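In what follows, structures are represented as C-alpha cells.
The two complexes that follow have chain A in common; it is paired with chain B in the first and with chain C in the second.
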Partner chain A sequence: MSDFKVHQRDGEDVSVIELKGYLDAHTAPDLENAFQKLLTEKKYNIVVNCRDLSYISSAGLGVFMAYVEDVRNNKGDIKLSNMSPKVYNVFDLLGFPILYEIYKDEKEAVVKFHGAQTK
Partner chain B sequence: MAFSAKHISKKIQSKTESLLEARDFVGTAARRFGFSEEEAANIMLAVDEACTNIIKHAYRFAPDKEIEIEIVEGKESFEIRMYDSGAQFNPDAIRPPDLKEHLGHFRRGGLGVYLMKKLMDKVEYKFQPGKRNEVRLVKYRSNAA
Partner chain C sequence: MTRLTRILLIGTPVILLPLIYIHDVIRVMVELDISVVNFLRELFIFAAYISLGFFIDNRRRHLKQGLPKEIGRLLIAVVLLELFLAGCSRFLPENFNGAGLKHAAFGTLVLTIAVIASSVIATVELFIVRDLLFFKKNKTAKRNYRLYLAMLSAACVITLPMFSLGDTWASKILFALAVIMIIAISFRQSWIVYLSKREKIYTIIYSGFLFLALIGMEVFFSQSATVGEFLSQYSEPLHTFIKLNNTLGIVYFGITGITTLFHLPTTDVFERKQSELHSLHNLSRLATQVFDFQELVNTVAQMTTEVCDARSVWLELLTTDEITGVMSIDVAVRKNITQTEIDALTNENEHVRSLLLDTHKTLLIDDIWSDRRTKHLKAKGVLRSSLMMAPLVSHQKLIGVLYATKEVENAFDQDDIDVMTTFADNVSIAIENSRLIARSLERERLHQEMMVAQRMQKRLLPQSLPVLPQVQLAASSESSFEVGGDYYDIFPLADNNYGIIIGDVSGKGVSAAFYMAEVKGIFLSLSQLCSTPRELLLRANRSLLESLEKNAFISVIYSVLDVSNATLTLARAGHCPAVFLSEEHSELIRSTGLGLGLATDEIFSNATEERCLPLKPNDVCLLYTDGIVEARNSEGEEFGYERLLQAAQQCKHLPAEEIKEAVLSSVRTFLGVNPYNDDVTLVVVKWLGT
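Presenting the complex of A and B:
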C-alpha cells in the first residue's frame, strides 16, 4: 500500500517533482530519495508541485529543510507551487513562506528560474 | 442528568505505517464531536506529530511496541491521550528555542513539538519511567455557546 507518490519531470533547465497523497514520517523517505536523486543528477533548479498533496506533517517539511541548503549552495533553489489551503496552512504555521518561494502555479515558479538566469 | 465523558480507545503498533490509522481514528471522532473539517485536520496533524515523536524518541523505531490512543470527549473538550511504555524523552530538548533562528539554520526536527503547541489548546506530558508515559492533547470547542 502506497499512500504517497513522487514523480519527476525534467524540463530544459528546471526539474519539477509532483507530490501526490500523504506525506508523513512514513513516506518522507520517498521524498528524500527524490531530492537525493536530483542532487546526484546535479539538477538544482527544482519546483515542487503540491497540487495532489493531500497532507503534510513536520516530517515532510523536514525534508525540504534538509535539502534546501545544498541546493542553494549550488546556485539552485527549491520553489513550491499549487498548494491547497490546508497544506499551505502547515507551511505557514512554521514560517516557511519566509524561507521558500511559494507560487500559485507551477509555470510561475518555473519562469522565476529563467528570470534569475538572464540577469 | 450528570454529564459523563465518553471514552474510546485504540491501540496501534509503534511503526510509521500506523500513523495513517491513528489519524483516521482521531479524525473520525473529531468530526463526530462537531469540529469543522479544518479543526479535525489540525487535531489529526497534532496526533500524527505526537505519535511520530513516540515512535522516534520513546521507542527509537522499535516496531513491535504499542501506542494506546484514548479519546475522552467532554462537554466542551476533546482530549487525546497517548500512552507508551518506552523511554522517557524530554520534549523541551526537541523543541526549537527560537523558530526563526531554527529555520534560519535549516535544521530539521523539533518542528513537531512546536506544531502541536500551535494546533492544540493544551499539550501535557506525564512520564512514569518503567511504567508508562503519557502525552495529552486538548482542544476545546471553538463555538462553545
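Presenting the complex of A and C:
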C-alpha cells in the first residue's frame, strides 16, 4: 500500500520533485523530508511533478501547505504539474488551484520560473 | 509415624527394662538359672532395645541439619558417659555377691542405666553414620550399610547364651566380617566436600576428639572389671552391639578427621565453584523480577558480586530514544563505588566502554595502572585495581555494560570471565524482557486512554437528531482509528431554520480529534451569530487560520435548512460536494470554496460561494466525508462519485434512515474484506414537504 517514492532532480535554478505512488499520512514524512532538504539547500524554485502520483490524502495536501509559506517568503514557489484527473480532483475540491499554480506539463512550470527571474 | 506407634515404641522399654532390672536384682540375691526365664530375659532385652532404637531414629529425623554440630553433640554425650562410667568403676564394687539387697539394688540400677546410656549412644552413632553415608545417596552406600546391619545383627545374635557359641571362631569370624564392612563404609565421606571452611574445622576437632573418646570408651569397657563384666553379664548381644558400633564410630570418625584435614586447603576453590554454581542457578530469579526494574538491577549487582567475588560492581545501561534516536547512558545500579569514582574510570573521551564496541566480548583489564588501554586513568587518580567488563547484548546491539572491579591487580581469572559472560547474557535477556513488559504495559495504558478519548469524542456528535414533520434526518459516523477527525452536527437555529454541518479534519488520530472538538465549538458559537453559511465559513476560517498548524486544514459543508421557505442553502469549504437528488435528476453540488485554515480572509472570501437549493417533496441531500468516495477495495479501486450517485439514486425513494443504511451497505459490499481506511460519515436529509 504505502508504495511512495520521492525523486529530486535539480535543474539550473529549478528543482523538480517527482512523486510516485500513494501519498498519505504514512508516506507524507517522505515528502516533508524532501522539502526540508530543498529548504536547507536554499532551493526555493520547486516544481512538483505528479505524473506518477496515484493518490493523495488530506495529510499529503497538508505537506504542501506546511512548506509553501517558507518557500514563498524566500521569493520562490511550489508549482505543480502533470496531475492525473483523479489527483487534480482532490486538489481542486479543496481549492488548491486558487493557492497554487498547477500546470499540465513540467516544462511549462519550469519556464514560468525562468519568466519570473528574467523579469 | 502415628502417635500410637510412638507410644508403643517408648512404652516397650519403659515397661520391660524395669522388669529386667528387678530380675537382675533378684538374681544377685538368689542363685537363679532357669532357662525359660533366661530366654525370656534375652527376648525382653531384644524387644526393649529394638523399640528404643526405632524410637530414637524417629525422634532424630527431625534434627538432621548441621552435620558437624551433631558430631559435636555425640562427642559431648560420649564424654559424659565416660565420666559416668568412670564414676561407676571407681565407687562400685566388682560384684554384689553378698552385698545386701540395698547395695545390690542400687549398684544394679546404676550399672543398668550405664548400659542403657551406652547402647543409646551406640545406636545414635549408627544413625549418624548412616545419615552421613546417605548424604547424596548412592546405591553402593545403601547396600554397604545394609550389609553392615546384617553382619551386626548376625554378630549379635550368635552371642546369645542359648547358642553357646559366645567365644567360638564362628562369632569371631562374624565380628571380623562386621569390622570389614565398617572399614568398607567408612571410606564414603563425600559429605565433607560440601562443608564450609568453618564447618570443616569444627568437623576436624569434633571427629578427632570423638575418635579418641570412643577409643577411650572401648579401652574402658575391656579394662574396667565392674562395667565390662556387668555389660557382658547383662547381655552379650548388646555388648557386641555396643562394641561394634563403637568400632564403627572410631573408624568412621577417624577417617572423617583425616579426610577433612586433607580437604581443608581446597575448600576455598570448592566454595567458590559452589557459589558460582549457586548464582548461576539463581539466574532464574532474574526472570521473575522483570516486573520491577529497580529490583532486577539490584539483584544483578548482588549476584555479580557473588559470582566473581568482586569488590565493586556497577551496571551501565545504554538506552536509545525511539523517537529522537539519541543514546543516553545511565548507571542503573552501583555497589561499593561512588558515582565520582565511576566517572573517573569511565572518562568521557576515552571511555573504556568503547573497547567493547567491536567485539561484544567480556574484557579483562588485569591492572588499570599498567594496561596500555587504561594507563591514562592513573593520572586521574583512579585506584589500582583489576577491571572486568561484560557487554550486555540484545539483537546484536550493545544495551549495557556490567562492570566488576577488585582492588588488587590480576584478581580475575578465566573462570571469572566465563561466569561473568554467562551471567551477562542472562542479564541482557532479563533486562530486555523487563523493558518489553514495561513497554507493553505503557501501550496498554495508552490504549485505555484512547478508549476514553473515543467515548468523549462520540459525545461530541449529536446524541439525537431533531424530529420534524417536514424533513427526515439520518446520520452516522465511524472512525477507522480509536478517534477520528470527522464531524457532523444538526442543530436548530432561529426562525425555524436548522444548521447542518459536516466536516473532515486533515490527518487522522489524536490531532484530528482535537481539531474536531475545536471546530464544534467554533461552529456552535458562530451559527448563532451568522445569518448565512458563507459568512459563517468566513469567520470560522479566520479563527481557525490562527490556531491550526500550517499543514492542517478542515474541509466542511455548512448548510442551513429553511423549513418555512423550503430551501437548503449551503456553502462548501473544500469538502466533498453534496449529492442532491430530486425526482428528475441527481447532481453533485460543487460550488467553489477553499478548505478552512488554508488561506487568508481575502483569498478565502473570493473563493467561497453559496448555493441555495429550493426543495421539492422527496428531494434528498447526502452529505458525506471522503472516507466514502475514497473507500478502496482489494483491487485498489476507489468507490468514487459515480458509484455513490448510483447507490443514492437506487434508494432515494426510501426513508432517510434506510437511504443511509443502503448507501453505507453498498460501500461495505464494494470494500469486500478490506477495512475502511478512513473515517466514514454520512448525513442524509430528505425533504418531505410542508
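Note that the second predicted complex is superposed on the first by the 117 of 119 C-alpha atoms of A that agree within 3 Å, B and C clash if a C-alpha of one lies under 4 Å from a C-alpha of the other, contacts with A are read in each partner's own complex, and residues count from 1 in each chain.
Convention: contacts are C-beta pairs under 8 Å (C-beta built on N, C-alpha and C of every residue); 3 or more make two chains touch, one makes a residue touch a chain.
Fair warning: this is a prediction, and the values are worked out from it, not measured in the lab.
Applying the stated contact rule after C-alpha superposition, one finds that A:M65 touches each of chain B and chain C.
Of the two partner chains, neither chain B nor chain C is touched by A:V111.
In the superposition on chain A, A:L99 makes contact with both chain B and chain C. When the two complexes are overlaid, the chain among chain B and chain C that reaches more residues of chain A is B.
Touch criterion met: A:A25 reaches chain B and chain C at once.
Comparing the two complexes, residues 25, 55, 57-59, 61-63, 65-66, 69, 86, 93-95, 98-99 of chain A contact chain B in one case and chain C in the other.
Those residues of chain B lying in contact with chain A across their complex are 15-17, 19-20, 23, 38, 41, 45, 48-49, 52, 55-56, 99-100, 103, 106-109, 111-112, 114-115, 118-119. Against chain B, in their complex, chain A makes its touches with residues 3, 22, 24-26, 55, 57-59, 61-63, 65-66, 68-69, 86, 90, 93-96, 98-99.
Within the complex formed with chain C, the chain A residues making contact are 25, 55, 57-59, 61-63, 65-66, 69, 86, 93-95, 98-99.
Residues 504, 506-508, 549-553, 555, 573-577, 592-595, 598-599, 603, 606-607, 626, 630, 638, 678 of chain C are the ones that touch chain A when the two sit in their complex.
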